[in-house]
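Could you have a look at this structure, given as structure tokens, before my questions?
Should a chain be cited, it is by its letter among A, B, C, D and E, assigned in written order, with residues numbered from 1 in that chain.
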Amino acid sequence: MINDKDSQKIVDYIQNFSRKHSLFVMAYGTGCGAIEIPATMTSRYDAERFGIRGAATPRQADVLLITGYLATKTLKRVIRVYEQMQEPKYVIGFGSCTINGGMYYDSYNTINALEQYIPVDVYINGCMPRPESVISGFIKLQELIQQGKADNGKRYRENLEWYRANQKKIIKNWKMPDYNW
Amino acid sequence: MEDLGLKIFGAILTTIMAFAVGMTYGGIVRKLTARVQNRFGPPFYQNFLDLVKLQSKKTNVAHGFMGHTAPVWIMVASITVLMFIPILNGNLWFPNLSFHGDLIFILYMMVFGSLGMALGAGQTGNPNSAIGVTRGLSMMVGFEIPFVLALVALMVQYHTTSIQDLMQIQHESGTWLIFSNPFAFLAALFASLGMFRYSPFDIVGAPAELASGPMSEFGGKYLGTMMSGGSIFAFIKLTLYVDLFLGGAGNPDHTGIWATLAGIGVLLIKTFTLYMVPVFYGWVSPRYRTEQAIRYFWGWPTALGIIGLIWAVY
Amino acid sequence: MQQEFHEIFVKYHEIITLGVYGTAIGLMLIGLYAVLMKKNLVKIVIGLSIMDAGLHLLFIGIGYVQGGTAPIFSPGYEDAGDRMVDPVPQALVLTAIVIGFAVTAVALSLIIRLYKHHHTAKIDQIKSLKW
Amino acid sequence: MVITPIHYIVVPLLAAFAIPLLVKIHKELPRIIPGLVMFYNIIISIVLMQQVNEFGYVSEVIAGWKAPWGINLIITPFSGFLVSLISFMGFVIWLYQYRFKKVIDVGELKSYGILQMMMITGAIGIIITGDIFNMFVFLEIVAITAISLTSFYRHRDGAEAGFKYLLIGGFSSTLILLAILLLYTQVGTLNMAEISERMHLVPQGMKATILVLFIIGFGIEAEMFPLNGWAPDAYSQAPGPTSAAFAGIVVKAGVYGLIRIIFTLFDIEGAFDFLIIAGLVTMIIAEFSALKQTNLKRMLAYSSIGQMGLVMIAFGIGTKAAVFAALFLMFNHAVIKSLLFMSGSILMYNSKDKTISTLSGMGKKLPFISLLFSLGAFAIVGLPPFSGFWSKLYVLTAAANQEMILLIGAILAVSIVEIVYYFRVVSKMYFAEETEHIAIFKPSINAKIAMGILGAIILIIGLYPDLITGYLHNAADMILDKASYIDFVLNSNAPVQ
Amino acid sequence: MNLFFIILLILFSSAILAFISNRIVRGSSGIIAFIGITAASILFFTRLSIGNTYSFTLGGIQMQFGLNSFTYLFAIIVLGLGVLASLYSIQYMKGKERLGYFYFNFVLTILGMVGIIFSQDFITFFIFWEIMTWSSYLIVIYNGYSSSKVGIKYMIFSALGAYAMLTAIVSIKGIYGTFMIKDAIAAGAFNFTDHFYIPILLLIGFAVKAALMPLHVWAPKSYSMSPMSFTAIFSGAMSKMGILGMGLVLTSIYSHASPEVSVYSLILKQVLGWLGGITAVMATIYALIQTDAKKLLAYSSIAQLGYIVVGLSTGTKLGVMAALFLAVVHAIFKGTLFMVAGAVERQAGTTDMTKVSGLIRKMPYTFFAALLSIIALAGVPPLGGFVGKWMLYESLITESNNYFLVIVVFFSSTAAFLYSYRFLFGLFLGQEEKETEHVKEAPLTMVIPMLILALLLIVTGLYPGILFEPIAHGMEYLGYSHVNWDMSVLTNIWGEQTNMSYIFSLIGIVFVVVFIFITLKGYKGTRNVGTKEISTSGEIPLEHENLTYQMDFFKPFERAAAPLYKRSMNKIWNDIGNALEAVFNFTRKIYTGNGQTYALFVIIFLVILLIFKDSLFAN
């Protein structure tokens, strides 16, 4: 008879394995990076072989893919989508813009660092990152998941106040429902 | 009471088998689709992985009682129908309750799940869900017509409304009903296109347009349970078609363990072959709008069904 | 004098009878014409009266017996039972005349009333009650 | 004092002519005297009906000349029934009109009383006389008084209606007189029993001609199509009580004449078929015309014509059951249509322009009147459990016994039309939003009592028709039993008073 | 005094009392009506037994009251539904105007129906039929003048039917000399040999109340316009009076038709069956484009009655049984549904589905009742509705071999899912609107009748035998012998069975297991949220934005089935009506108003008569 801890370990392993191999992507095509997604998904690069497939609604999605620069106007929607996703959930920042604003670093209406507003698991560098790097980013995420290090939702919950404060700096007319899921 | 225990065991076994086969078929279809699209595709067990992942979601969102029970209705419908469909002809292991319900009952029970899910989807309050539901229900009115025509043709031709009897007749006569009434089969086959909701009849959940339609508010365990129910349901539909038209599987004269396994093998082959029809059709078809889909079903399939019925009567 | 008349009557009995009947029917037709064709209310009423008069004449004519006497048993006429003119039509005509008079009176009063309200006596212009 | 049939005629006539004198004594007397007279009429009816029940017939010979030489008054179960009905309706109508208008000029009141009593007398006279010329005279009395009453309100339309009535009525009198003349030349008598006895002597062509003249003459009074052009106008323009009296009294007398002629005087089978056809056409045209009326009273008038058509049909069927049904219909028509006219006039009085569309909200303003009107509407279209249902049922049953399915169909199809226009009024009264706010003229208590009596009769007869069916059966027997009528009148083997 | 009269008298006096009492104590008439109907029901079910008769004479016509096992079935519907609806009505009608008027007619309608059930002869039948008709007409127009046009339509069609019936009745009297129903049947009044019009006319009369196809146009609006507490009776019980009559006539046609004329009865079978089928299809199709829940239900009623007529028209054992079973079940679920609509109307102010939605959390019990009834209505297993549908299809397939009719009926039944869903979604599911925030659950006395009826549906689903017993007795009265039935096993003549208890237990077990699984799994992580918390592509809908999808709900279906919507019976009848009005308008032009014309008429008539006198007045 295996003890609880061991069985928990096995369960965790199975769960993580299946999570890793079944990534439903909510591709939030905010910027120009969205153009790379079809290429990634279709015949040539075929992300589905890793279990990556698109999800139509945040309810079903595991991964939020922010493809490129994020306008301040869009941030509200992204936050909303992110909050509606169900844990465990992961965020991939796609392209330089999500890291430091990229070529929009001094734009008045573009946020620079995505991480200030929602926790990010994996960044994919490049402007644009090619499908290969996108897939390598996903594989990195899979590794994190397998190791149990991808705790995006937990981080957000625990540091909610900080994130909220940052978000509210950008979003002036805050009329969002409270984070309760 | 030993008998009862055996029956319960058989029932659970049937369910598990239906689930497994349904899920695997789904995976295989995904794989095949990928191959057809010149992709590598996910592994055939991908659906299981998805399911485990969905069930292992830590948080879930429920929209009230009907939303909460929506997957339950699907499971109820699937398992109930499954129990009333003879898996193997005359086999001791899988008789389930097939003597206690007939085709009419199954016809009605098959919509039970859809309605339940529609109610659940309705309660979520997502307009996409409602739109998807109306499309789905409207389309159901479309494909039920040729389907029922085909079934009535069978019932009339063989003077029975029991699936078991139909299988027995095919077994005894040695001819499959597909040959004795090809029109009815064709009508039913066309109807099956709509039932499986592959392209071109996938407007119900059109992902890009409706955000997966009725399911758009369901995630996690709800979606997972729905998926399992749906998989069982796919198996049910296939088995029903095989039982009705393709002679069924299994041999009532040999019910040993090997014969049973052989029967299951035959069943798998037949169902898989049948399954490929809507899948193939889907690969080469774009999407119909709802009214086009309905008109499609009310066109040739219905005509074929009527011919089949006339064929059966005279 | 009376005898002469009597003889003339006897002699031309059929002609006279025919004349009486003809006159009566003619009067009635004239009256009818007036009632149906004349637009003036007064003329219509006159037509009615003429029609009545014709009818009365017809009555009297029918009651007449050739060489008849008054239908009274008086001295000198004890045997007159066969020759008496029929008294009933005469009685009837008397009544009918009275009735006709009453009708005419009412009609005329109505015409006055109508004329007051409509300022016309044309029957085809008095059609406020219809359909 | 022994009550004899002559009282029917003498008392009201005396009272009528006494009114101008009595006015000098007290102003209220012209109001009251008609009531007393009508009440006396009811007493006469009760007494005489008892005698009729006992002996079968009551007869009175005027001035000692026995029939066929003299004029005799005769009350059979049939005429007794009608006379009682008329007496009763007369009384109810008086009750209704008593203090109908509080302020009324004495001259008007006087003449109204006189005319009304004469009209009722005339109607009764038509029914009880045994002499055909006497009948003509009474008919003329009725006609002239009715014309005068029609144009009693001295407004424009009243005079017009009166004149039309007069014009057509003039034809009626002329034709009847002509018919009597021709009949007299053929049979040489005016006594109806004797005429009937000698009728077989008349050549066929002549007989038919006389019958045609009679039918047209009485058909005008009985509102047969196309002789009924006067009727809608007269009904709608007459004062309310008079309209009720038309429906309850005058028309009854006209139909009586028609029936007496066809059933007793003549022995022509074809006349029955003719009655059916004429009745049917009358009914259809009238009910169709009623549907689109805007004036309530005019609508009621057309409805009344339609009902008379139905009565004619019922008589035309000619079997005992049918005649019984026809009598029941006449009774119902008298009661119900009077009720409708009474309540309808009050409703009209309160509406702005006398149209149906201004009736909205009456259900609240005049609840009792509206209720009675609805009751009447329900009864006249023949909905159970009101009295109208039974008469319609009996008519249909009688028709069915003769297998006249198409006739039944036609009657019922027309009934649907009837339902439509009556129910339209009812729903308008109760359910339309009140559009016009005008001062309400509340009917006096006695009017309410009068209408209440009629309503109660409708309900009671509807729930328990056996109360009246016995009399009607007797009456129906009598109508069909021509021989005993002749026998009775000419041989007088029943008590003569 | 006879018990029949006592029951009728109780009802009558409570009607009168209800009328009067409202003037004394406002709102008391509802209670009086309830007490009266309940008392009558108690008396009926405890003291009256099948086979009692009482003869009397009224108006020279022999009449008879009695109770037989066939009408007893309908008595269950009428009185059962009557008691519940009157209980429901107390709160529903509270505070409305003219309560005395309403309850007077309400009780009178029930009196009429009870009288119909009692009557053993055509005259009492007709009298009570008419009482029922006009009292219900008065309720139809209760809601004001806007409904009076509807009321007139109802009355016209009712009168059409009633008079067709009356024609037949008096013809029976004329030909067979009897008014007794039994004697007439025994004399062969319905055997189609000669006088074939008699049963046809009777059927037309009943078809009006049963809202059969060409004669149904009164129904949708009349049902939806009258107060819902009455519509429960109107649609649930009163339409069944048409079914009662049809059952009586049809079964005697089928059982008495002599062999040489049986072809007529075959034709009749087909015609009626197809009429029923087409009724079902057309009504269903119109039901699913309605936006008013009440109208939707009204059309659905017509469709359901179409099924019942189809069942009756087969004349086979299973078919008639199905029809009668459906009749009872329809009374139950349609009664409930109209009550639900009434509850929604009372609580939310309207039943317009474009205005009301998301009431499920506010009116959970009402929703529960609605859910069960809708399941039964759609014919989805395992509730009572399915049992009836099953028998109907089986009878059509196995017994009467009317295969294409099966398809038609099935089509209607499938399309019925659409409006079933529409009803539930429209009122209870979907977004919770701001306008309906204040809505609360209906009062207890309204919820209880609904729940009782809804639970009855479960019972009839699990043990349909409870209903089969009276139905079988009734059918034996109609002349069917050896009516087999079982407590919960349905069997067709080919021997196939459907076992309701197995189905029920299986569904129950699976439901419980899966429900427990899905509830307990990740219980902590599961959050129940409101309908505003939906994924809307990240957008947060503004307050005034409406996320409910209610307009043109089944537009795709409408487009696909466009040819079916082209011709509406309503339009045809309207055209007929307009043509008739034109005729009427023409006839009244005869009265020109010119006195001289009238005089001319007289003379012309005189001349015509004189010309034709010899042929007209020949001896």
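The working rule: a contact is a pair of C-beta atoms (placed from the backbone, for glycine too) under 8 Å apart; a residue touches a chain by one contact, two chains touch by 3 or more.
Only a predicted model underlies this, so the values are computations on that prediction, with no experimental measurement involved.
Novice: Identify the chains adjacent to both chain A and chain D in the sense defined at the top.
Specialist: E
Novice: Need the most distant chain from chain C, centre defined as the mean of C-alpha atoms.
Specialist: Result for the farthest chain: A.
Novice: Need the central chain here, defined by C-alpha centroid distance to the all-chain C-alpha centroid.
Specialist: It is chain E that sits nearest the middle.
Novice: Would you identify the chain whose Cα-based centre sits farthest away from the centre of chain D?
Specialist: A
Novice: How far is the middle of chain B from the middle of chain E, if each middle is the mean of its Cα atoms, in Å?
Specialist: The answer is 36 Å.
Novice: How big is the gap, in whole Å, between where the Cα atoms of chain B centre and where those of chain D centre?
Specialist: 79
Novice: Counting only Cα atoms for the centres, state how far chain D is from chain E in Å.
Specialist: Taking the average C-alpha coordinate of chain D and of chain E, the gap between them is 44 Å.
Novice: Using Cα averages as centroids, what's the distance between chain A and chain E in whole Å?
Specialist: 58
Novice: At least two other chains touched by the same residue of chain D: list those residues.
Specialist: 163-164, 167, 171, 232-233, 289, 292
Novice: I need the residues of chain A touching at least two other chains; which ones are they?
Specialist: 57, 59, 84, 87, 181
Novice: Where in chain C do residues touch two or more of the other chains?
Specialist: 35, 44, 126, 128-129, 131
Novice: Which two-chain combinations qualify as touching?
Specialist: Pairs satisfying the touch definition: A-B, A-E, B-E, C-D, C-E, D-E.
Novice: Show me the residue ranges of chain C that touch chain E in the complex, using the header's touch definition.
Specialist: Its residues touching chain E are 32, 35-36, 39, 44, 123-124, 126-131.
Novice: Under the touch definition given earlier, write down the residues of chain D that touch chain C in their complex.
Specialist: Contacts found on chain D: 133, 137, 140, 143-144, 147-148, 151, 154-157, 159-164, 166-167, 169-171, 173-174, 177-178, 180-181, 184-185, 190, 232-233, 236-237, 289, 292.
Novice: Please output the residues of chain E touching chain C within their complex, sorted ascending.
Specialist: Chain E reaches chain C through residues 588-589, 591-596, 599-600, 603.
Novice: Under the stated contact criterion, what part of chain A meets chain E in this complex?
Specialist: 28, 57-59, 76-78, 80-81, 84, 87, 175-177, 180-181
Novice: Show which residues of chain E lie in contact with chain B when the two form their complex.
Specialist: It comes out as residues 358, 360-361, 364, 371, 375, 378-381, 386, 389-390, 393-394, 397-398, 401, 403-404, 406-407, 410-411, 414-415, 417-418, 420-421, 424-425, 429-432, 492, 494, 496-499, 502-503, 506-507, 510-511, 514-515, 517-519, 521-522, 525-537, 547-549, 553-557, 559-561.
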